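After this come two complexes, each holding chain A, first together with chain B and then together with chain C.
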Partner chain A sequence: MTVDSRAEALPRRAVSRRVARQKQAILLVSRVWSWIFLAIMVVFFSIEGTGFFTVRNSQNILVAIVPVLLMGLGQTFVIIAAGIDLSVGWVMGLSSVVSALVIRDLADGGMAVGLAILIGFVAGVGSAALAGLLNGVIIAKLKVPPFIVTLGVSFIARGAAFLLSGGNVVGGQPQALRDLGNEALLYLQRGDETRLYFLKKPDVTGAQLRMLDRILPWPVVIAFVLVLIAMFILHRTQFGRHTYAIGGNKEATKRAGVPVDRLTILLYVMSAVTAGFAGVLYTARFSGGSSIAGDALMMSSIAAVIIGGVSMFGGEGRVSGTVLGALVIAVLQTGLIMMAVEPFWQYVIVGIIIILAVLMDQARDLIIGRAEAE
Partner chain B sequence: MEPMLSVKNLTKRFGGLTAVNQVSMDVHPGEVVGLVGDNGAGKSTLIKMVSGVYQPNDGEIFFEGKRVHISKPSDARELGIETIYQDLALAGNLDVGANIFLGREHKRKYLGGVVRVLDNKFMQNQSEKLLDDLDVHIPSLMQKIDKLSGGQRQAVAIARALYWNARLMIMDEPTNNLGVAQQGEVLALIRRLRDQGVPVIVISHTIRDIFAVSDRIVVLHRGRKVADKRVAETSTEEIVQYIMGARDDFRNN
Partner chain C sequence: MFKKLLLVAIVLALAIPLAVPATAQDDKPTIGFLPGVLDPFYQVMEIGVNAAAADFGVEVFLPQYPSTWGPSAQTPILEAMVARGDLDYIILAPVDKEQMIAPLQAAVDAGIKIITVDTFLGDGDYINGPVTFPISYIGSDNVEGGRIAGYALAERLGGKGKVYVQNTNVGVSTTEQRGQGFIEAISEFPDMELIGMDYNLDDASTSAAQTSAVIQREPELAGIFGVNVFSALGAGNAVKNAGLGGAIEVIAFDATKEAIENLNLGVVSMVIAQKPYDMGYLAVEFAFADWRGVTSLPRRVTTGYAVITAENVNDPEVARFIYQVP
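Let's look at the complex of A and B:
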């Protein structure tokens, strides 16, 4: 079943090689344009904004990125499987509230703080997983479109979070929790002599403390580990392969004997779990649980996924793309703030980028399609 | 020789309509059977009873001499009856190897089986060997199915069924929507399957293709079998007459 027949192979092969090169070039540009965009932004902000290109700001960006990135991870899987999860933002709020309540009550009840935090985290992520289970079961078993189901569950999660917290921030958290949310793997002491501390915060005060940069705060480390796990699952395991297959052709996947329903449920649980992690890390960072913790973030997570090149029709995308998308959004946010631009412009710009990203995809398909037809 | 598949007096009714009426037919190892008939003649219904999509109201199915009850598609697949539909078989966003192994991926185990990683290399190599055996050439197995021609896709679907020990292949309109050259390739592939001992039932509207590839032709008309003829003993004109209902070999049975 050879494509070229021998007789006319030579001239056609030359043409097809040229077309192939063009296609490669277009593909390359369409793959790396967001990296290029990111680089341009970094250069621009470094020149225009004061204090953008610093260790401290790089860490601020990384901290800011965590919730969007985490939700984007789960969302990546769901969208590759041709679904959507609109519930992540408010599920994050639920997880934040539940973890804060559990940690406070257990710590107040005299439990060792470390254990209380651990149980609180499990409870927070567990409450999120429950919401994901609800999403998944209704979508897979009752065949309701994911858009509707996750919208409904989103409201339920929000209601539950408000009811549990009474509409207030759940405070009264132990210091150890705050440390987990804010302390870091490395410390950089600037000043007369620059020193790097590993794991141990140097005992400094006043002006020296202001010269102390936290490098890789714990939430960033946790998010980084979760990114690696997500990459492994999506790109190296059977589960990941089937995620792509469902997005590509659900019916064929079913016929191949893949338990599509069970997988779908798992995907939504996973998505909720990543939102749950975002929630508990929020609780740790701000030392309190809030039902509105993830309010604006659901849309940002979807934006990150789209900017990262995941197809909304399913079947295409990579975890690294989502990481990039989250980076683009975070750099834009902090950069604009540091340039003293009205921060609301970020929304306008993110909106434009989203549309450009999708246009870029379509243009690629169009051009490649045409190249093939030639 | 014992038939691979034998259906006896198979009947399927939908309400008042008898879609398949007392149809019996055999498929022997090493033969291609063309199943033809006008729209609504009952071809698809008959096939769907064999592949487990429909349950017969009456009649029996024997596979390799044993009476079998095929109550769902996976039952059929377990017996080795593979049905290839044109568009439902493959995930277009995955490459050839991923599709051939879809649902039965080969994995390497680490940490005592706790961590299992896809063994893409193994799957790629096996796919290559498999397609070579079928004399199918696809420039790069790393290509997504979407980028392949219709004929190549058919080949991948057939290769997949074969790899998972298909004993009987049913192909529904395998040459639809294909260019002339590709049609020829698919027909050649069907013959190779037969030569490897896997009998094939081919449903098609294209009489020319049926004649090109079949050893025997079964004609259905309004749910009944009206002809069962060796290709050598019939002609296009005759088969058309059977399809139109102008001839009927089994009227008195």
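Let's look at the complex of A and C:
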């Protein structure tokens, strides 16, 4: 009451300044709460969990987030534009199978392994892009809700992946592919003399091998580069600004002369392409293509986007949020195992965090909305 | 004259259907085969089925492989097989021990005899159990398989050390039983300790992440049992990248080509192979025997396991158990 009466007594400009400050504070909290949550988790698990706060575990967590992060990366754009892509899981599987088939057949056919891997990756990501194109065209041109279209394409991708692989894991991959999926940019040799090796894996065996940490494995490096590209596109280009605009108000954006249909198609292609990268990296890591590669992690990837603060109603969100969301899930999974907690708690906790994230989102809208009305 | 002709026609019309079963009795049975899902395990089983079919000169009909594992995918194919009306036996791997009872009862009511392979109905006991209509259940004993994995690991580790299980999903009877058998075997060794079991939803990435975390938590971990291909693949990948290849033994269940590749690469140290070829062959043989009036067929046949290691993988006697589809 006192605040209100004082506010009335203040001049108009002071009120608006106070509201602006309030708004900023709320925005700041809503943006950083999940970072704070992550930090608390890391501190907690470092104290409670055995082996959590180690160089090796930090790298394990980074490797673990790659598929979830990549499937979520394109999804971030799609959800900001008020869409949804339910096909990423099986598109990842399709890309995994296609790349594995191409690499195996080309390498067996006598092609230089490096070139075979490159062509295989292009084919895998290309097959994913094709699925994304199908999504985008039907959504943009035929005006079918994205939920339905991507669900349908998800089944088509699943069928195609199974048909191509015959239900088998596509093995027989060259060693160079396995190295790409499992070797790293840097190597840290711990022990009597700690040494850092760049690119070249030190020639060690036995017990020394256990003191060797891979820093920034290649899948992490590739994912990191893709994240940077996505950040640039979303936050620095006209395409990015239009993505927010479509999510904010599609009709108004269209009236402003933005080619919404073309952008929508591009968005779904992007989503499929990042899922495609997840697929080829799976093939590299496990040196085999599997049609079910992305199935189990698809829901986690959407959870990561939501935890990262991307609004399901569109128009809001950042790439860094999705990175954060993927980290939260991976840290939680790893941390709970290190505390030897019953594994199923992970799902319960992730569920609570998802709901919390959305509540935070809504509360912010509510408070900001009220502040504006004041 | 016309009446006589009509009478002859009627008699003939009645006699023909009566005559058909009489001639069919001398003929061979027609058998349907319905696998659980499209994967190398069932594809090898199909090879066994076809081999027996050729040996006994019977016709085996396989409409299609179910695309996913579950009653909703398997039941429509089963119903289509029953609707054909010409099948005497159906050999199938029921994808659910409860939910497949009713559809199979309908097949039995239509005069078809059932043999289950790999998986079972009810509790798998067709003499005293809740389900008794199938002729026989031919398949591995998964508890036994888990036990074999446990003993094999114990032997490699000299009967001591900490071990860990990577499982797929809760509620899947086969993988649960493998885990259970493994734990039973390990508990017989006082110096061995089970430090936990995690569920990876049949996903290699998740299995790798979980195993990496466990390796960090338990520096003295000596062995891991991966209850199926993806579980072992992820666990083996985590072990190898931690530089612990050879120091932590990883036992894989099911001898797919992928699993054998990982054995050769040192990602896993041992592969437990089931015998799907035997299951398929025996099931056709049983159907044929039943058709010929054999009444003493065993209601349960366990087909056993082969243990494949890097040392014996090139021995043709062992290598033939790899699930290899030409």
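Things worth noting here:
In this text, the second predicted complex is superposed on the first by the 352 of 374 C-alpha atoms of A that agree within 3 Å, B and C clash if a C-alpha of one lies under 4 Å from a C-alpha of the other, contacts with A are read in each partner's own complex, and residues count from 1 in each chain.
The criterion applied here is as follows: a residue touches a chain if its C-beta (ideal position, glycine included) is under 8 Å from a C-beta of that chain, and two chains touch if they have at least 3 such contacts.
Everything numeric in this text was worked out from a predicted model, so none of it was measured.
Within the superposed three-chain model, A:57 lies in touch with chain C and out of touch with chain B [touch as defined at top].
With both structures placed on the common chain, the touch criterion links A:237 to chain B but leaves chain C unconnected. In the superposed model, A:297 makes contact with chain C only, not with chain B. Once the two complexes are overlaid on the shared chain, A:247 sits against chain B while remaining clear of chain C.
When both complexes are overlaid on chain A, the residue A:145 reaches neither chain B nor chain C. When the two structures are aligned on the shared chain, A:257 is found in touch with chain B, with no touch to chain C.
Of the two partners chain B and chain C, more residues of chain A are touched by C.
Comparing which residues of chain A touch chain B with which touch chain C, the overlap is empty.
Those residues of chain B that touch chain A in the shared complex are 73-74, 77, 88-94, 98, 102-105, 107, 116-118, 136-139, 149, 151-152, 155, 182, 185.
Across the complex, chain A meets chain C through its residues 49-52, 54, 56-57, 60, 63-64, 67, 159, 162, 166-169, 171-172, 178, 182, 209-212, 214, 217, 282, 285-288, 290, 292-293, 295-297, 330, 333-334, 337-338, 340, 343-344.
Of all the residues in chain A, the ones that touch chain B in their complex are 1-3, 236-238, 240-242, 244-245, 247-249, 251-253, 255-258, 315-316.
The touching residues of chain C, counted against chain A in their complex, run 37-40, 43, 65, 67, 170, 195-196, 198-206, 208-210, 212-214, 216-219, 229-230, 233-234, 237-238, 240-245, 247, 256-258, 261, 265, 325.
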